[in-house]
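Reading through the structure tokens given below for one structure.
Chains here go by letter, A, B and C, matching the order in which they are written, and residues are numbered from 1 within each.
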């Protein structure tokens, strides 16, 4: 039917990680989604007349290394939208408004070993669905139209609990894009209570992210600053993680060079980690690219953060132990 | 390839249910399939010449609220058909013949909180696959052509057991459609034995459904009467549930108003439940509609039936406690 | 999008198997994939210029009898390819090179009750992922271009283990096709270690397969000889299974008659099994066919091999007991 667009990406790579576990073993093999997240989706937009449009979007992740051994679903995005001069109202499961825009300042696009990892769950001892801050079930979101460069979005994810609010999301962002400049502020709160005795608590995770980029012509400079605060969660005191990132992407012929530094200041364990990422993407066409990334995670003190090597199931090295990784891959869109 | 039609529906809503559990808590959030069941499918028909056609149909349910967190499959329909002047022979998993036609008299189309619930499993203490009477694995079905308004269908679902017949289905329907009048009689038997010691029995569930509708021009009046009988099942004596429904749907401008009353007479527990549903569907286009439904389930004595709020995981209120629900949603077809 | 081809097959049949278990019960019902494996897939090729092409292939199995009750995935094939004058480099999950070409000599196409079963796992006491030798996760494969009838392929499937090599695959094939003649030699090794105490070992499974076919005009004669060797696995001594097959396929009007004999010489239990298969495929069109297969598995001594009746979940009969099966089905491609 002409009303449906079938689309997707397959991104598969060779990945090597040293110190892939606390025993210090290396690991290598085929990984997935090093330059863009592999996906398969169906989407469409219908013009209802009078400036009103309806749209649907169903998108699921593809794991090219094991053929989606855990099954295929549409957890990346399953939404219905009504769009018009008023903006867009969106219903369903989706990336949260406080993530979509501000995460775009990550020079590595939130994929692969080079990515900025401030949205990871490692700052948290127990997790609830989607506590990583990327996506949310049962969400009602609103996105404004573009007012001379200003855009904003708000979302509310229903907890659907008979009592308590575990799993609820509230958040939003405001952004300004004008020529070479882009700035975004995003804020959200998640109820991350836990309810399996004897561990019962009613916690919160608050996140503030500020990002900006400036295109100086020969390169685009990007930066992110982020604070995750956990309230009323067990184990030690309330926790806080401050994350910072600065990076640059420069076009070089048919490709792009990427360089990024990130700092993860884990207040609860009074430990820092430094991540340095260097990458090159070579476009074979608009749809297909080869890429290579080298990343180093320097863990200090009690920190044991791991590089994000999807499809290789690595964990953090021992406390204070560092990790280096290499990814060489192909990304193909359709 | 031109031989495949990709089709689907996404229907997502806001649902509120009071007395959503025995504690009397309310529940609200994003639900799915309030006006039509959300789905994604692939189907096609090939003309083999000589009046013979072959067709396939693969269709799975979509959960727009959580992105099919439990995975995507084709359990709505996975069939191969041979069609010709003789009618249609259909192989695979599908809605059973004793459900497809007769369930169409439900003014609320067997979805959402307003739907007639005679096919639900609440009349039964233990369940086997598809014991709700909707669908059947491993089914061989035959549908006649239309003979001057008369149609009929028969199905046999293999149990595929080495011993016993748990899971077997036998059923069919006969219908007459002529101008404003439509009448259907459907009958089926399921082997619902249970084989996990110490609970071992070899039960049956028989279901007789009679439905009719008459289009009086300004509205279409529909009615259903149904008896579910359980034989040789444990706990108390053999059970029986008699369900009745009467409703009307009237076109109003670009929309349709729906009103329906249902009575569930649960003989085994000597208790009745009354359900009253009122709905309005507003078509924004042929493909897209907004809808609103209000429904009330009045449980008497030991009855504790729940409104069908898909995606909100409610249960019945306490015995004799009633439940009221509201659904406001969008349905978009592609 | 024009860059994607949606394709598939639905093949559903009626299957009857006698002695379907050790108790000697019969079993019958709806099965799947008797003449071709039911599947749904998405694939595409992009011309990158300069003789270089990129391609993707995502394909999952369809179970028309139960609607993919266990969920849909892309475990049949999930690959990215770069193709050119040098041949093809393929990344992802796929059939292994030592299986694809040489298995084509099976007259019954590695599906249904008639198929040659040398690649089954019955020769092995404990299994690791994909130990049957068909497919492999995390594989890097290379296929040569066709050099005057000569082709070859090599594959390496990463184990992705921090220690040990359980799950690793290494293998390849070389083939020669010229007019009526086709010959293939294939060899592989799998690391099938097992690591759950107290059963810990570091085994290997080596497989050598030699196949050939000759088209004599009125029929095509095919033969296969295969040896599976297990090394360093527990229970009795190292095991060996020698399998042999000879068959013929002859066009008859719009159809094809197939006849095949296979011998499974299970050295470890010093027992043989003989399999005789007779089938007829009647093409209703290029896309649709009816088929019928009769197969008999004669188990001798301790052998208890079962016919492959997918969708009917049969097991081997008792030791030395034989099994006879019938399949009648439809295969429809799209």
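Here is the rule we use: a residue touches a chain if its C-beta (ideal position, glycine included) is under 8 Å from a C-beta of that chain, and two chains touch if they have at least 3 such contacts.
Worth saying up front: this structure is predicted, and the values here are computed from it rather than measured.
Enquirer: Give me the C-alpha superposition rotation for subunit A onto subunit B, in degrees, nearest 5.
Expert: It works out to 120 degrees.
Enquirer: Could you label the subunit A-subunit C interface same or different, taking same to mean over half of its residue numbers are used by both chains?
Expert: different
Enquirer: Counting only Cα atoms for the centres, state how far subunit A is from subunit C in Å.
Expert: A distance of 40 Å separates the two centres.
Enquirer: Indicate the residues of subunit A shared as contacts by at least two other chains.
Expert: Expected reply: 6, 71-72.
Enquirer: Please give the residue numbers of subunit B that touch subunit A in the complex, ascending.
Expert: Listed in rising order, the residues of subunit B that touch subunit A are 5-8, 10-12, 14, 20-21, 23, 25-30, 40, 62-72, 284-285, 287-288, 311-313, 330, 332, 334.
Enquirer: Could you pull out which subunit B residues touch subunit C in their complex?
Expert: These residues of subunit B touch subunit C: 1, 3-4, 6, 42, 44, 46, 48-49, 52, 54-56, 58, 60, 71-80, 82, 91-93, 137-140, 158-163.
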